[in-house]
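Below is one structure, written out as structure tokens; the observations come after it.
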Amino acid sequence: MPQIFHRRTDGLVRILLASGGLAIVALAVVAYFIDRSPYLTGQGAVPEQPVPFSHQHHVAGLGIDCRYCHTGVEKSPFAGLPDTHTCMSCHSQLWTNAQMLAPVRDSLERDIPLRWIRVHKLADFVYFNHRVHVTNGIGCESCHGRVDRMPLMRQAAPLTMQWCLDCHRNPGPSLRPPGQITAMGIEPASEARAATSGHTLLKQYAIHTNRLTECITCHR
Amino acid sequence: MAENPQENLLPADLTHASMTERIAGLVLAPRSRGRWLLAFLVSAVLALLFVLCLVIVFATGVGLFGINIPVAWGFPIVNTIWWIGIAHAGTLISAVLLLTRQPWRAPVARLAEAMAMFAIVCAGFYAIVHLGRPQLMHFLLPYPNTMGLWPQWRSPLVWDFFAISTYFVFTLGFLYFSLLPDFATLRDRARSRWQQIFYGVLALGWRNSALHWARYEQANGVLAAVAAPIVVSVTGIISLDLAVSLVPGFHFPIFPPYFVAGALFSGFATVALLAVVTRSFYGLQDLITRRHLDYLGRMMLLFGLIVNYSYSQEIFTAWYSGDIYMRAVYLDRWTGPYAPAWWAMIFCNVVLLQFLWFRRVRRSPWALFALAITSNVGMWLERYQILFTSTHADFIPANWRTPLPTVWDGLLALASLGLFAFFLLAFVRLAPVVSMHDMRSAIHRREEQRKEQQQEQQKKQREDGE
Amino acid sequence: MTVGESGHHGLIARFDSGDKLLAATRRLRAAGHHRLDAHAPFPVPGLAEVLEYREYGIPRIALLAATITAGIAFLMQWYSAVIDYPIVVGGKPLNSWPAFLPVTFKVGIFNAVMATAITMLVKNRLPRFHHPLFDEKEFSESSTDGFFLVVHSDEPGAAEELLQRCGARSVRELQP
Amino acid sequence: MKPDRLLLGGIALLALAAAATLLVGQLAASTWLAAVLVWGSLPLGALPILMVHGLTGGRWGEQGRPLLLAVLATLPLLVAALLPLLLGLPALFAWTLPAEELSHLVRNKLAYLNPTFFILRTLAYCALWLWLAYLLSARRARGEGMHAGGLVLWLLAVTFFSFDWFMSLEPEFYSDVYGLMLGANMVAAAFAWILLLGAREMEAAARRDIANIWLGVLLSWVLFAYSQYIVVWSANLPDEILWYIHRSAGVWRPVSVVSFGLFFLLPFLILLSGHAKGRPGWLMLAAASCLLGHVLQIGWLLLPAFDHDGLWQLLLLCLLTALSGALFFALYRRRHRDQGRAAREVRYG
């Protein structure tokens, strides 16, 4: 019976086996990080809008309140994107000839709404209600980030279910007093302070944390 | 029972060399290629059809099947259970007969293991299809995901996933284990370079060392010992998919043992079927004897009778429960739109089964072949009627429907048979259909027995002489 | 296989039956030859014991793997259902241990199988594709009806003589 | 067979005792039933073992046969203790109440659960078992057909016996795996009995085979018991789950755990070790544990159906089991000795 395999085969096989094992581990690690990467979550994405609207300019520079444009945020599940007339309430007077604003004027003229691209988009099977969050102490900043520092609107949070749950499991530290909902740049409370002020706010808003992680809270 | 079972189960003139020569020859230098090639081509076409159907079903969705609320499950789960059942006897024959040292195991064990392997492949495909959204199959695994979620451990679907994947790995391992020394035998006898490399790689450098064998036997013993719990738990768990629900017709505590018995019944029927075909195809009548068929027939009878017992218990309990819904399900099974399936099942699994009480029927290859087919049909009908009759008329009469299978149901089912045949035909071309090392051990044991008998006779003669 | 001090690579003797191989192995061991390996087409009963096979490890390793991993599986289910995401489903308690048993059982079995298979291969030093024995022309008969005894000895002459006396059909020196 | 004075005396005594307990009331009658079924399980479990051996043959069965036949000889005691209870069904069975006092579910089953049919059925089971026992012990049964058919009949009889005498104590409850579960329980107990009393005398290989088969039976029992539990537990239907609620209240909760541990878990762990399986001492320990667990198991299955203080029921059960066991054991010993003498006579002529 001849020797079928060369003397070196065994070493080669061991290297292959070891690297195969390593490859599986590496694959798992890579998959773990890809799953959380902006590539899949869309965090940090800046979609191109019909008009390059600058939140930084309007919010930080001019001090316009969020609710001026997003009118539904306290009353409906959907915060609402501003219609052309909202823009025109100022821009019929200011920068009336700016090239940048041509689509707005065009929209008014032809009576076709501007097609804003949604930046923070949740899956269809998620029932998200802006009113419930805003009227119960969750600030805009908690999910949308420092809008006042965004020349162009960018997805601030990963919007994964884990991210939602992080807050739903322990909403205390994220709560704000009713007056500070739309305020920007509120420092996250320190752990110790969050424990106390969060607790009083939980009582004040009558939030029952035991129901917040049930499936039906978000999937109906 | 004959006094010396070994004697009749092995041809008297069989030696290590002649047996190895014959079995290895079937693989290394096959003679009857024409019929094999024809069968292989037909099955390859069907296997391609299976892949095609699978792609279309995955791309379009399970709406192609004849399922809709209230019958949400239909064919895919029927066929999953059916294929898993067929796989079971393979495992059981090989493992339990090994543990209990049954002398008739050796020639049929390999067929049984291979059958188990390919049946579980078919079952696995169907299990994935029946999920409805196969692309999300990984949700069944507990892994750190961005949803912060875990699988729902109280759900039988998750149990299924663990059960079927464990069973798959076990079957693969057990088959490969049993093949390992045989691959070495083929490697040693191969003449062409390609065959040497092919079997050389598969044999992993096995050298028939006594220490190799000792560890091999120990490991095989462990695998065989876990086989029975695996067999029982896999089908048991699958049956819990149905039984833990509140649906009358599904909700029976007897389901786990009943499904296990049903699985073994159809599985032994399939082993018998393959044994009859293989022995006539390869001319192995002297290795797979009529006594082997007799044993297979007995096993069919045993598990068939347990299935019959379960039918009786179900019917009695449905009535005894006093629950009008349970009783209604049974009336519907007997007289409703699916009644033909129920009565056909009773005909196949209860009426025809009783023929197996007769020794002549068990020992006749073609009678056994026919009964094996009717038993498999009967077991398929059993799963079909359980799935459809229990759900098609639910608690709200406005929901009642009578869904029938669509052409996709039929095509995929037919093609899955082709896929099974395709794998099996490829297997018998590449690997020995009879386990050569088990046969060598069996021959050795027979020689030992002969020697003992001779010694005893000599002793007797001496004593008589004195 | 190691090379003997005298530059001798070992002897390979062929026997006609398992019984003869067994007897020869016994005699060589009794004569003080301890570096032996026997090759037979099937597990000859008793042969491994003569070669001082004293391992009962595989069942124990399998059992250990099964118990530990089954324990981990149960703890994982308990942790995820009771601690990490407690949620009431179907009115069942958070610690629904009856429902955790199937997965626990399956994970245990799965790992018993894996541990068994891997232990068998590792202890047998498989895969090993290249081996000096494969250079022996007759060695391929070890998978049909050849029974071989491989001896590494510091006194090859004595060993060869003993092998001949045990009824070896042929005794040859192994190739380097 | 010569009329056996011990057997006849025992039958008379048991019949008297059964009749007497009926007069005392439900507590005594139900505990008496449980105690008798603890011992009665052994001959009922021995029947199928003998028949399976008749089918498959093997050294293990020949080794166990004398012990099993001696156990089988106590079957008339079970029949004698059961039959007087037929006179007082109302003390035990709730379905004997007038129909208008029953729930509609139970009213739906009165075609089956009525005294006349019940008595006829019980007589039929007893007749069948005695007939099978007679055939087996008289060594007339040599054909495979008798053994196979006998097994089928045994299983059906045990199933409906378990429905009648166990399940119908709580007439709302139904479970179609109950018969298999109880059957496996009986066979496991019978195996434990022959191992406890015979492990020392058996050949090592046969003893190991018996231990392996016993392990298989115990595992089957666990499968059946778990099937019923997980299905009932998951569905949580009121008709079914009440059965478990009764059995996990008060003293029955620890009893359920302890009886599971003794009946299954400890023997299982012992049998898992190949080393222990070869030692008579370990096997006898496992068997003793299994039999103790069997006593608790039968009590656990039967007694929570009655609304009494569990602790008293348990104490009474132990007392009555010991009392009836003395009679059972005396008969067993006598039979076993006769068997041994007969065997020696055959061997040495």
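Before moving on, here are some points about what is shown:
As written, the chains take the letters A, B, C and D, and residue 1 is the first residue of each chain.
By definition in this document, contacts are C-beta pairs under 8 Å (C-beta built on N, C-alpha and C of every residue); 3 or more make two chains touch, one makes a residue touch a chain.
What you see is a predicted model, and the numbers here were worked out from it, not measured in a lab.
Of all chains shown, the one whose average CA position lies nearest the global CA mean is B. The pair with more inter-chain C-beta contacts, choosing from A-B and B-C, is B-C. Taking each chain's centre as the average of its CA atoms, chain A and chain B sit 52 Å apart.
Each chain gets one centre point, the mean of its Cα atoms, and the points for chain B and chain C are 29 Å apart.
The distance from the centre of chain A to the centre of chain C, with each centre set as the mean of the Cα atoms, comes to 58 Å. Distance between chain centres (mean CA atoms), chain B to chain D: 35 Å.
Multi-chain contact residues of chain B, defined as those touching 2 or more other chains: 148-149, 154, 188, 200, 205, 229, 240. Shared interface positions of chain D, i.e. residues touching 2 or more other chains, are given as 226, 230, 234.
Residues of chain A in contact with two or more other chains: 1-2, 4-5, 10.
Inter-chain contacts, as defined above, occur between A-B, A-C, B-C, B-D, C-D.
Only residues 85, 87, 127-130, 134-140 of chain C touch chain A when the two sit together in their complex.
Residues 1, 99, 154, 228-229, 232, 236, 240, 243-246, 251-257, 305, 309-310, 312-314, 316-317, 319-324, 357 of chain B are the ones touching chain D in the complex.
Within the complex formed with chain C, the chain D residues making contact are 226, 229-230, 233-234, 236, 272, 274. By the touch criterion stated above, chain C contacts chain D in their complex at residues 59, 63, 90-92, 98-99, 101. Within the complex, the chain A residues that touch chain C are 1-10, 13, 213-215.
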